[in-house]
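Structures incoming, each one as structure tokens.
Each of the next two complexes has chain A plus one more chain, namely chain B in the first and chain C in the second.
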Partner chain A sequence: MTRSHKFAGAASLLALSAGMAHADPALMFDLGGKFDKSFNEAAYNGAERWREETGGSYREIEMQAAAQRVQFARRLAEAGSNPVVVMGFQNAPTLEEVAPDYPDTSFVLIDAVVDLPNVRSVIFAEHEGSYLVGMLAAMANETGTVSFVGGMEIPLIAAFACGYAQGAKAVNPDINVIVNYTGDTPAAWNDPVRGGEIARAQISQGSDVVFAAAGGTGLGVLQAAEDAGVFSIGVDSNQNYLHPGSVLTSMLKLVDQAVYDAFTDGPGLETGVVQMNLAAGGVGYALDEHNEHLISDEMQEAVEAAKAAIIAGELSVHDYREDSACPAF
Partner chain B sequence: MSKGRIPHWADVTLVPLTSVLLAFVISAILIWAIGESPWAAVKLMVEGAFGSSYGWGYTLFYATNFIFTGLAVAVAFQARLFNIGGEGQALLGGLGVALVCLYIPWPHWSLALIAASLGAAVFGAAWAFIPGYLQARRGSHIVITTIMFNFIAASLLGYFLVNVLRPQGAQDPSSPRFPAETALPKLHEILGVFGIPFSTVPPVNISLLVAVGMCFAVWFMLWRTRLGYQIRAFGESEPAAEYAGISPARITIYVMLISGALAGLMAVNSVMGEQQRLVLNAVEGAGFIGIAVALMGRNHPFGVFLAAMLFGFLYQGGAELALWTGIPRELIVVIQALVILFTGALDNMVRIPIARLFAMRGAR
Partner chain C sequence: MDMMVLVQVLESTMRLATPLLFACLAGLISERAGVFDIGLEGKMLVAAFMAASIAFVSGNVWIGVVAAVGVSVLMSLMHGLASITFRGNQLISGVAINFLAAGITVVIAQNWFRQGGRTPSLSGNARMARIDLPFAEALRDVPVIGPIYHGILSGHALLVYVALLCVPLTWFMLFRTRFGLRLRAVGENPAAVDTAGVSVVGLRYAAVAICGVLCGLAGAYLSTGLSAGFVKDMTAGRGFIALAAMIFAKWRPWHALGAVFLFGLLEAVANRFQNIDILGVNLPVQAMQALPYILTVVILAGFVGKAIPPRAGGAAYVKEH
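Up next is the complex of A and B:
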């Protein structure tokens, strides 16, 4: 090793330790990748917002295989990243294994609960937000049929469908709710062509409001709804702008906010379970200049009343995940 | 194919190595084009995959998966059957492993390993049997049926995980964790017996030895048994094999059973050895990587072993690359795709010039 090499080595070591002192946060995406137009991308947007506002930097990593869950979580903690934000319920076992080994690192798990002293678990009340958009769907509906396009038939997505159906039936008990799922492979989350096909099939069965909770697949659903001149409902992020006049509203799930909060709170953040429900503003329906002419004052009043009732605890929306059953079907 | 003009040693070493080299050169140009240093990237990949026992552990873990799926494709290809259903067969193998581990109380991992291997092999073989039968008796093309069966397998597994195996109230569509007795010994425990230190982190486990054993078993079966001879004869020429009294239908079904069993065995490594529970999409494309591994390994068990190591290196080295550089994950997939492209699809692009080279030398 030459002298200059030694110097470079020392400098990089210094840089490394300086980085550790700053303790940059890290974001670990779930399988599906950063730009899935949905869950992971919302996390990315939250992290980017934090970067723009604070001028800080963060480390991010995308996975290719499930074996990398534990591997990457460990590497991030070892590299001194703090807090480490981990996306997706499939990472609950990951943190159960990794978090106890790094007690000084704060972990944040989005979409599932892990009961450990250095883990913050952020869970969303998707059923509550879906209930509200279900009400809007039933109020905008004229044919007596509304529909839902899910990604994969897993409990999480079934909770969207169940909340949606409950909301729709609260407005119109006789309404027919068609539910279809895109597929059983990860491709189901990113198959807009198939999403469009399913939406068209539902529209031909009389549906005039289609709610998509299927990641990138939903883009095809929204397009098909606009082509057919019916309403659609977006998901996760505010998708009203995609097809103004056709997207009735969007079911908001503020994953970006959860990531932004975690990054802002920094190392040593408060742990425990964070409920991102209607009361906390973690879920909701989107109302902006693109859809305000679609949502009449009566519709908005009805939804706001239901929202207040849910927050006050007077109205309870059944969560499919509690007992794997849905009273609305 | 101009196989006759290339000496055997060149066919099995020079052609694949040149292909890999070409793939790496183009990858280097791509990395350079996005403004990263190719040399640093290569160094990071090699160090990440082979620079520590930690890296070796992950490389070997991925390689174990690819050995199983690669062997599955290779065996079928010896009979000129293109089994691209390794993905679905491995998924079903995972179901077999899960049922064996969850519903039978095992006193010791060794018994559980034998039973789970049988479960994985039987389920994988059963899943390959149907396309095999349809090909043998009904003439439905195996490429079409096996790929369709991948989707059916994914749906079936989704049904089982969501409705049958998932513990009540759990969010995650996956089976409960297997009992601790079924945990397979990891490589560091095995090497620890001999006093060799090895990283405790990577999931590489005793299935690696099962995989290596399977390489020998497949070699023995193909080149030292009557069945293997029949398979190879059938693959070289179906009419000639039939004339010699070999039943095409029987060989087709046998080969698919063996192929499916090998693919199913992959689940012992990934489901029992690593995850310790059955999750959605447990195979993650290893079934398809198996096709590339078999192509590159010239459908020979030893070649499959080497090719699986190469892909294990690409997986682990690629992971390190994604972790420590600004090179996006997509580019790592591109590198892997280039290797597949050159070793598989563009095989003749390398083979024909090499054959010419040898022809020129021979003429002199």
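Up next is the complex of A and C:
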């Protein structure tokens, strides 16, 4: 080996060990994009909160196409990032492929379960949070019809719809719940034109509260609801501020907390399944200065009572994902 | 009740068909002059972005519309430069415009607004107001006329009516004016036009410029009329559906109106009825949403008959062989 080769080898070893020593965490967004005002943006906010509080730095990556999932996850692991937080249920196969190749890197998957020794799977009890906003919807409702706009018809989104319908029917057993989906390709998460058109169709069928769980498509739904003078319900992040007075509340999914926790725990974090349910404070409904005049004291009392009952285990909300069926439809 | 549903679906059809109609007429005029244009999608996308961003910055939707038309015409002239002046392949030039549009809109939007490639939400005067036609309220309760006039026709953005007006205008221009005759001739037999001493290049440039104006209106309606802001790839294939409608209509304006209404109706129906029971079989959502595309294939393959494009379409005109 010549001297220059030795030098190059030493330098690369040094670079490698330097990378290992810092081991910045990394965040990989799903197709909706970093600024979807919803799921991915919540993750971004969690990461930013971590950065502000600790002064650390992190890597992030946004993909443009589904084909980049594995490639980008590998790139983050190769670069020495640890832990690597990966957003979205569609990345479960990604981690099944990538994680075994990097046993010393900790991965965190948000929204799905992958059973590998170096993966933490964070799943949320969306049905419980949706149950609470479903109750609020039914209490704010005057027409006897409420509705739901989902992105794709997949078990995760059906769990939102099912929880919402159960909550609405708990308040008013005769209430009619319209459930529609935007599409069956990834474009369904980013088509506000169609989202707005579906919301208008639902409103014309009598719905006066529209719950959107459809990523960027939801922005069109919320806009259509405001234009028609009815209520809407946001999702994942607190979207109350988007159309104050029209957004009744938002179904919160504390993705930011999950990302923040993962970054804080750092390399070698505890793996396994983490349940972010009502009891753990992982889901909830948003109440702030933009919607406090829309939620009356009785409404809040009723929802808080249901919340306490769910946490205590006295009230169980059916999860669509358990048996692909919903008692409330 | 059923009547109400019908009225609502048709009203939704009006909205959804409008961008298709603009784009379809745009393609029709361009192709009648012998310039194939599969860049309709890209021009709509750039126009949608321009309309939303300029409307947001200026607070006036009509300034946004003018900007949208401007940028769309610019893209059209690029297509013209590549395929008329430099005699490049028209299809490749169109594909290039689509790719360029998909990338450049997101990059510029991110640079200007820092919201991940979308523009901020529009409100107030930055959005197209809905227009109530005269006497719409008065006629509301009149049977038959009331639902049609008040329910379906009235209460849309101005561009919806402009699009409808463009149909007879296009027909008149193509079939009743000297310019239209020459335009059609240049798409069928440019050598004859050239022999008569009329500029082939000039006519083709005029056609792609008109195509640009119409695509600009389509995009502007999409981002400021139908929704309130631009998001990436928001045209979602509408430019290609418009091309299909144009072939379905065999390059004729009035038939184009019928074709885009069919496609708009299919989309409205798919949005409204997501689970239909037919003879005890429950059609899933996915089947309903695929319906417009399945029907596109079926119609184009089976019912149109022979659709013959303008004879000189797709080829650059060369004076001397």
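Descriptive notes on the structure:
Basically, the second predicted complex is superposed on the first by the 308 of 329 C-alpha atoms of A that agree within 3 Å, B and C clash if a C-alpha of one lies under 4 Å from a C-alpha of the other, contacts with A are read in each partner's own complex, and residues count from 1 in each chain.
In this section, contacts are C-beta pairs under 8 Å (C-beta built on N, C-alpha and C of every residue); 3 or more make two chains touch, one makes a residue touch a chain.
The model shown is predicted, which means the values in this text are computed figures rather than measured ones.
On the superposed chain A, the two partners chain B and chain C do not both fit; they clash.
By the touch criterion stated above, A:Gly33 is placed in contact with chain B and with chain C alike. With both structures placed on the common chain, the touch criterion links A:Gly282 to neither chain B nor chain C.
Of the two partner chains, both chain B and chain C are touched by A:Glu153. In the superposed pair of complexes, A:Arg321 makes contact with chain B only, with no contact to chain C.
Of the two partner chains placed by superposition, A:Gly163 touches none, neither chain B nor chain C. After overlaying the two complexes on the shared chain, residue contacts for A:Gly196 are found with chain C alone; chain B is out of touch. Once the two complexes are laid over each other on the shared chain, residue contacts for A:Ala66 go to chain B alone; chain C is not touched.
With both structures placed on the common chain, the touch criterion links A:Gln223 to chain C but leaves chain B unconnected.
Of the two partner chains placed by the overlay, only chain B lies in contact with A:Gln90; chain C stays clear of it. After superposition on chain A, the stretch of chain B that runs into chain C among 7-15, 43-51 or 133-141 is 133-141. Counting contacts as defined above, chain A residues 33, 153, 183-184 meet chain B in one complex and chain C in the other. Per the touch definition, chain C reaches chain A in the complex via residues 4, 8-9, 12, 15-16, 115-118, 121, 222, 226-229, 231-234, 236, 267-268, 271-272, 274, 284-286, 289-290. Interface residues of chain A facing chain C in the complex, by the touch rule stated above, are 33-36, 153, 179-181, 183-184, 187, 190-194, 196-198, 200-201, 204, 216, 219-220, 223, 242. Interface residues of chain A, counted against chain B in their complex, comprise 31, 33, 61-62, 64-68, 70-72, 74-75, 89-90, 92-93, 111-112, 152-156, 183-186, 321-324. Those residues of chain B that touch chain A in the shared complex are 58, 61-62, 151, 154-155, 157-158, 162, 166, 168-174, 177, 201-203, 270, 274-275, 277, 279-282, 284, 315, 318-319, 322-323, 328-329, 332-333.
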